[in-house]
Amino acid sequence: MAEVARLFPDTEETKERALFGEAMRIAEAMLFAASEPLEESEIARRMPDGISVGDVLARLKQDYSGRGVTLVRVGNKWLFRTAVDLGWLLSKNVVEPRKLSRAALETLAIVAYHQPVTRAEIEDIRGVALSKGTMDVLIETGWVRLRGRRRTPGRPLTYGTTEAFLMHFGLEAIADLPGLEELKGAGLFDGPVPQGFCVPQPRDDPALTEDEDPLDEEAPEI
Amino acid sequence: MAEVARLFPDTEETKERALFGEAMRIAEAMLFAASEPLEESEIARRMPDGISVGDVLARLKQDYSGRGVTLVRVGNKWLFRTAVDLGWLLSKNVVEPRKLSRAALETLAIVAYHQPVTRAEIEDIRGVALSKGTMDVLIETGWVRLRGRRRTPGRPLTYGTTEAFLMHFGLEAIADLPGLEELKGAGLFDGPVPQGFCVPQPRDDPALTEDEDPLDEEAPEI
Amino acid sequence: MELAFEQNDQGPGRDEPEFCVDVDGFEGPLDLLLELARRQKVDLAKISVLALAEQYLAFIEEARNLRFEIAADYLVMAAWLAYLKSRLLLPQAQKDEEPLATDLAAALAFRLQRLEAIRAAAESLVNRPRLGRDLFQRGLPEPIEISKSSRWRASLHDLLSAYVRQRQKHAAARLRLKQRFAWSLTEAREALTKLAGLALDWTALDPYLLAYCNGREARRAVRASGLAATLEMVLQGSLSVRQERAFAPLWIKRRAAPAEA
């Protein structure tokens, strides 16, 4: 046989090349259809006689390199996988518009006008306890941030608004929040303005106030 | 811009080629990752600007022709699947598709070739009444669907095939039905019997035909 | 008659299996006719409808002789073929308003052709490479990950009216109502945390709590909230509580967290 091969080298080579091509097709189809990564030995079992599964897989891997899909080896198993840099194709970002709850909106308003403000102060103004979730939601919106800790017993956290807050509500600066007269003018009061009603001058200066300490290094308990 | 391109033809061409290559990678990754056939428009949405999705898919299809996995088109959708001749390799651990009864099979063929078609027309071709179960089985396979109602007395329901039908039988379009040309050539679609029943060509266009009404809102009686 | 149709249940006494007739084996009279036509071994287009009609009628007759129950469909077809046969045999009347017998025969031949064609089509359809049997989809699809993010909506007007609403309400409430004394659990916890920080040894709870009280109502509220907060802290392991007997004063003591110990 070896002699024959020497006599007709071209024919033999062509045949072998065809066989190798067929082996690659087989491995490709098996890997594509498999519902889990395939053992190399599993693929080897389907290879035509005399064809090395290692060669086939190496060649296939090379063929797929730089493509949208790549052939990867995990331990002794092989699988096709989306090229790493194309991962973005497989994720979809769905933005859901959501409305703030009334409690969150009211809390946000208090934070805006009264910042830096503590949870206890917010509760005092609203007259009801603040549920844990409300503050979480406001922090999630990116409109409220932890500023520091009030220099009082218990060192409660202080809250303030962010730049994103200004941006969302179309304010150039926090001082643009309307004062009492403007609020009245806007017809937001229904009935007479209560006695002793005053609107504080809000400030969102990033610098801490005199009675604020910086946040601790530890994870803050919000 | 065109002038610049003339000045630096290589650069422009190289750039475009790179962009096209990237588009091919994207289409390849999307189609590989998908569990269901993808709408061409879905792929088009992810193409870089100025790249035709049709060109990309045609090229990809060509690149994969003769391989273990091939890119095929079904209606307006595309999918990768294993090459036909390699079925033997993969059918080892496969659940045999449900075997259809002779009645169901013939009914399916009639629906495929004569759609949109009514139950009475099916019965006329087969020369026997259709048992209720037969149609139910076909609808359950997902290959046959209710299309609408024929605009004739009694407003009978019309049936047609689905995309799943095309996919299951490896057809790119309904016009690829085997033997369709012979059947048409033999004039078997437009004989004198039954009266007024003349279907020049099977069509599974979702749009209703002129003599079809949409299905009623009420639950259809199949 | 040279037709031989298999029958599942052959009578024990019957010696002529060739004559076993099983009408159930056919998908209706047209199917039976098609089978009979195939026996003529000619192109269906050139079939002798007369011969076919005679064969069908003979077949039905045979079945009746064997006392098989024959479905109405088959009998209707038999009646129609008997009519067709007589029309084909008799000369065509001049002013006959009925369709020509040859047209009827052609229509029948056409129907048989069509049925045969659709059968062949069905056959080639199911023998196509089929998905899940010969063709396979991606076995390991990579799912699209959908990450949901919220875009919060609120207008400046919403914000301002929320502010005014509560400030107004609260200001009004302050003027009109004498607020009922309440000591929230949070407050109680804060106070107790402070206390527990000090209570390295057993400390009586009551005197401390009573510091918050002025009046019976307040006393009750403080007791209730204080006790609830105490129990919560005991549950969390930050406090130990002791009571000598029912209604006796409560003693509390800070409990070191295990990690610190």
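For clarity, chains are labelled A, B and C in written order, and residue numbers in each chain start from 1.
Definition applied: a contact is a pair of C-beta atoms (placed from the backbone, for glycine too) under 8 Å apart; a residue touches a chain by one contact, two chains touch by 3 or more.
In this text, all values refer to a predicted model and were calculated from it rather than measured experimentally.
A.B. asks: Just by CA atoms, which chain is the most central one?
C.D. replies: Most central by this criterion: C.
A.B. asks: Among the chains here, which has the CA centroid at the largest distance from chain B's centroid?
C.D. replies: If we average the C-alpha coordinates per chain, A ends up farthest from chain B.
A.B. asks: On a C-alpha centroid basis, what's the spacing between chain A and chain B, in Å?
C.D. replies: Measuring from centre to centre gives 38 Å for this pair.
A.B. asks: Can you work out the whole-Å distance between the CA centroids of chain A and chain C?
C.D. replies: That gives a centre separation of 33 Å.
A.B. asks: Based only on mean CA positions, could you tell me how far chain B sits from chain C in angstrom?
C.D. replies: Whole-Å distance between the two chain centres: 24.
A.B. asks: Two-or-more-chain contact residues of chain B, please, as numbers and ranges.
C.D. replies: 32-33, 80, 82, 90
A.B. asks: When you check chain C against every other chain, which residues touch at least two of them?
C.D. replies: 136-138, 142-144
A.B. asks: Which chain B residues qualify as touching chain A in the complex?
C.D. replies: Chain B reaches chain A through residues 24-30, 32-33, 46, 66-69, 80, 82-83, 86, 89-90.
A.B. asks: Along chain A, where are the residues that touch chain C in the complex?
C.D. replies: Answer in residue numbers: 29, 32-37, 79-82, 90-100, 102, 105-106, 108-110, 112-113, 123, 125-127, 129, 140-141, 143, 153-154, 168-171, 177-178, 183, 186, 188-191, 193-197.
A.B. asks: Which residues of chain C touch chain A in the complex?
C.D. replies: Residue list for chain C touching chain A: 136-140, 142-156, 158-173, 175, 184, 186, 190, 193-194.
A.B. asks: For the complex, give me every residue of chain C touching chain B.
C.D. replies: Touching chain B from chain C are residues 27-31, 33, 73, 77, 103, 106-107, 110-111, 113-115, 117-122, 124-126, 128-138, 141-144.
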